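Next come two complexes built around chain A: one with chain B, the other with chain C.
Right after this comes the complex of A and B.
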């Protein structure tokens, strides 16, 4: 689907969070891609993918919402670029399930009143950066290396799971986040909780669950000597950043650990103005750390 | 862990329920050989009274009432660790989805199923607005679950950082979205969808 000319162009599905609680992820994604010369065109009138709640309540609805999004994306040039780990997972799961089951595909085609599209590759931003754009080219574009910044790359659940679906990287021991931010000069730490669940959408119904699970993730990153966490999921970000103060109060630990979206760190490295990366939207203030590392 | 005795007789076994779970989840329940790998990796294990492998064992024995009466299914985070690691390809995450649906259909909301209330409000938002409206989701959940002051201190912090929007823009294709919901209801009424 990549056009013959040198430029990469993608259709873009931001997902609900990137227009609200994760707006810094959206801003920094657009900033980064512009700086790299990669085109992004938002899918018009995209709707919520249903994330985890939809398949919990109604699997057919979950598949139908994603199928509708895929058919809307068909009208826009380029492979589909997705930033949010949950949207990415749901869109891929839908393609996978519907290719697998004629009965389900027929039900979904009736529900969305149209054909289900399987042709357009759905790609996470990490994949685009590491595979399509290329790590060497990314490293060559870096103007302000993130040297000295010790980053704990946090995958969470849905970037790699369920097995056989995302095909982003190894399901139990992925390294794509480390490779991408490493190309921007950062030091990545080895730590235990890279793939553990943060408590997910229990943040609304049972915050206690989030305080425990996310608390363990923060403690693990700190024990490994990380300065900050890097994530690719708005829900993980909310649990680790927005609830960090509560976690500190509940556990008696002091973390003060900024939680960056991966595009914020990469955009900073390739020279996008820090004012355009939404650092002021973060609850745990990252500016002292970035100043200390001479990145501002 | 409390040890409870299982009684097994033809009266207590109900494999009809297992077949329903298997049809809904698209996964076999009967393949599980109780290695326990799912429970070993489950991040929510400490919140559950039956660990995931025991849920499957209870289903195999037809003792589904004990599964539906418990809190375990409502504490599954859908993280898919169990499904990823199962050596015999049992899709436990999908089985949990099916159990939550069957439980809700049979007994309606309960205190343990708060998370499903939140999930349902999430879907209501899609039907009404096309996209999520986080402010409304949190407010309606607090009212409906009777926790009026939950997270009250977080609100202003998020609003001043532009992370929580007071108002919401509606999609232009709302009528088409409504049609998706209606057509699925229609399929179910006709018995053509699970």
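Right after this comes the complex of A and C.
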């Protein structure tokens, strides 16, 4: 396939999950961007952003980890593209805090032994697709429209919050995921739990919490008539996909609801070979649904 | 002028804590022309004023400087004292050593030196003061009342009962305002219609009241005692004089499904309609946006069926000019809508409550219509989505109010009481129902008020949960309310059949535009500003304009009615004299120097500057000069600052006086 002419180029911060439990997010992101002709260059030598645990334990540590990544990213051309909602949130929060407080910036500079930069725009993939690339262009690139696929877009708690930081879309009633996947031809459903927390990293320490919260999310999507969920966060994916069977057992509900990364669905729509999208590593098998909708 | 008296006030400790008042008084005696100086604990008190009067006569003073607070506070007090001692009151000046000195400084020595300087400046100025004589202007003894809700009606009735003519202007087709929409009123639970509709009839039938409904203020010119109000009487398409109010037109109108705004869109109305059956006047209007005749010309049924021939499709807006002497503004409030707000508005909607998209989430006024005997359900509490009787109702307080993050930081004042009332009305009608209230504080001060909400809790068993609601969402037939109970530190979820939001009280839309037409000030929320929060609560800073009701800030009915009567009393005070005395601090034009560039006319915020033609005895035009109408001049001095030829000066603030003040330093 010849990539569409496009001058967009980004530095890319995948984060730990995308090299491990969320490999399919990484693969599909690279596939999608290649198909759209958007350049992605991975930040060399990046390290973990600290995700949700670090800032609960030590603020300086969590800021320093992200600051280090930001300064590494400075050496790579283009705005910084981030796929994982947790990494995105931490990197943006770090920029926000350091721009706000000279004292904190000095501490962090001492900790990472170098200057901190916080000018480089950090962008979530959704922002790149909806704003930089553009929805019209995305729609024009679609080869296999996702028509008939009823998608429940799940934002989770991190994509739009805290209110002042990501500025991705309206905090309480965002529509950016619906707009992006809608441009690829999918039908999106209106449902209540788009912004509720899935239980995040309580998945190991307090699984009961996760079963309840994620169970409500699945039930709500199902009640709204969705065929599948679409997420932009590896933690949400873990709780909703890997734990789905357990949730079904605990609640007695039967969901059978595939949980896609947004890039998987979009890549499929723009014609990336399904074999390259990591469908086989999903716990809830999406293939019957995709076949039923003539998407394979 | 050479015998000046200086009176230095301690203002209790307000001044003396920071300023050595005795030293200031002693320093003053050294100033040229000062014949007497003293200090006293409270100059504004009776003994203080007597001290001033005594000194004037004993020391034969010909000018007085009172070093005390802001002239806004007590200039009038001391000028009257000076007058009663035989001085022209405008030979008495105030040196502000409180707001301008003691309150804003800490260092005693520096503050004392500054106070002495301020006194010296005022002494220099008072020596150049001229005797001024108050200006008299005639008063037109007719009042304009803008807004026909309970505030406007009360003010109009009071003024009319005192024997004066009143012009009452209402934007809607009927008077009555929000009070006519209410079911029963706190804290006595008497029916709102029963106390409101007779007043509406009184206002309409009063021989001294001219009622203009379906009308808006187009413009207002003039000044206190002499306003000219232009009123746009919108085309009703019905000739008021001919219409008998029989209602056949509405009954026969084929267009029937227009949401009824009076019923908060719960019911429907035809295109030719009266807002509600008890409307005053009982004359319908044609809603031209929805009328088939106006849309495509293919109807005309109302005209055919109208016996008296009152329908007039050709009617156009009419402009009426009414001369009035005083204006009462009573434009009232509207409720904050949780829907999405237009871009650029500082006030955000409630995405977390669904932006107003969930049908069984309603606001307080909508609940009033549900509970009202004259409402769309005949007083039965039925929810909008499917007309079922809700068995679990959740009331949410402080929606949008006291919410800085939403852009409204004030308390809406009436919601604690009306929510308590709603829980009672609900329980009275749905005996097996349960009401829950999410609240932050119960703010129920007022006569019989706290007792009222305790009754809701203790007798009607409303469950009050202290905490905020974070989210509302539809789940099947239910609306799930996710909230917190901070008393027990737990999250709460209630599956409600109906949710009633006590949304913030806001001024009527267009309040800012009207304020600009009237030349009155408003705050950042567009509530109108009173001249003084405590001492002039019903007056505007613009003379002759008074405020009543929720246009000034959230108010309940008793407060609104009290303020309306107070505004009426102010109007009657004004009308008690046939001529009005005004302070003579006005600008005057030196016609010899004026070159008629009329910069002063451009900058005058009061519109007081006119062009004046100077003619010789034969009537030939010699030249044009600027003229300041003393009745309109507000005494701000802007013209003086802008005049390139120094031809206009404000009495009491002449260039000579200001230069003398500067030179005295």
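Details
The definition used in the following text is that the second predicted complex is superposed on the first by the 290 of 296 C-alpha atoms of A that agree within 3 Å, B and C clash if a C-alpha of one lies under 4 Å from a C-alpha of the other, contacts with A are read in each partner's own complex, and residues count from 1 in each chain.
We take it that a contact is a pair of C-beta atoms (placed from the backbone, for glycine too) under 8 Å apart; a residue touches a chain by one contact, two chains touch by 3 or more.
This is a predicted model, so every value here is computed, not measured.
When the two structures are aligned on the shared chain, A:74 is found in touch with neither chain B nor chain C. Using the contact criterion defined above for the overlaid structures, shared-chain residue A:17 touches chain B, although it does not reach chain C. In the superposed model, A:52 makes contact with chain B only, not with chain C.
Counted by residues of chain A touched, the larger count belongs to B, out of chain B and chain C.
In the superposition on chain A, contact is made by A:170 with chain C only, not with chain B. In the superposition on chain A, contact of A:207 is made with chain B only, not with chain C. Look at A:242: by the touch rule set out above, it reaches chain B but stays clear of chain C. Touch criterion met: A:223 reaches chain C, while chain B stays clear of it.
Of the two partner chains placed around the shared chain by superposition, chain B is the only one that A:197 touches, whereas chain C remains out of contact. Residues 163, 171-172 of chain A contact both chain B in one complex and chain C in the other.
Put simply, chain C touches chain A in their complex at residues 350-352, 355, 405, 473-476, 480.
Those residues of chain B whose C-beta lies close enough to touch chain A in the complex are 24, 26, 43-44, 46-47, 75, 77-81, 83-84, 91, 93, 97, 100-101, 104, 114-120, 122-123, 125-126, 130-132, 134, 137-138, 141, 145, 150-151, 154, 157-158, 161-165, 171-173, 176-177, 179-181, 183-184, 187, 192-194. Interface residues of chain A facing chain B in the complex, by the touch rule stated above, are 16-17, 19-23, 45, 47-48, 50-61, 64-65, 68, 101, 107, 110-113, 157-158, 161-163, 171-172, 195-197, 199-202, 204-207, 209, 212-213, 242, 280-283. Those residues of chain A that touch chain C in the shared complex are 163, 170-173, 192-193, 220, 223.
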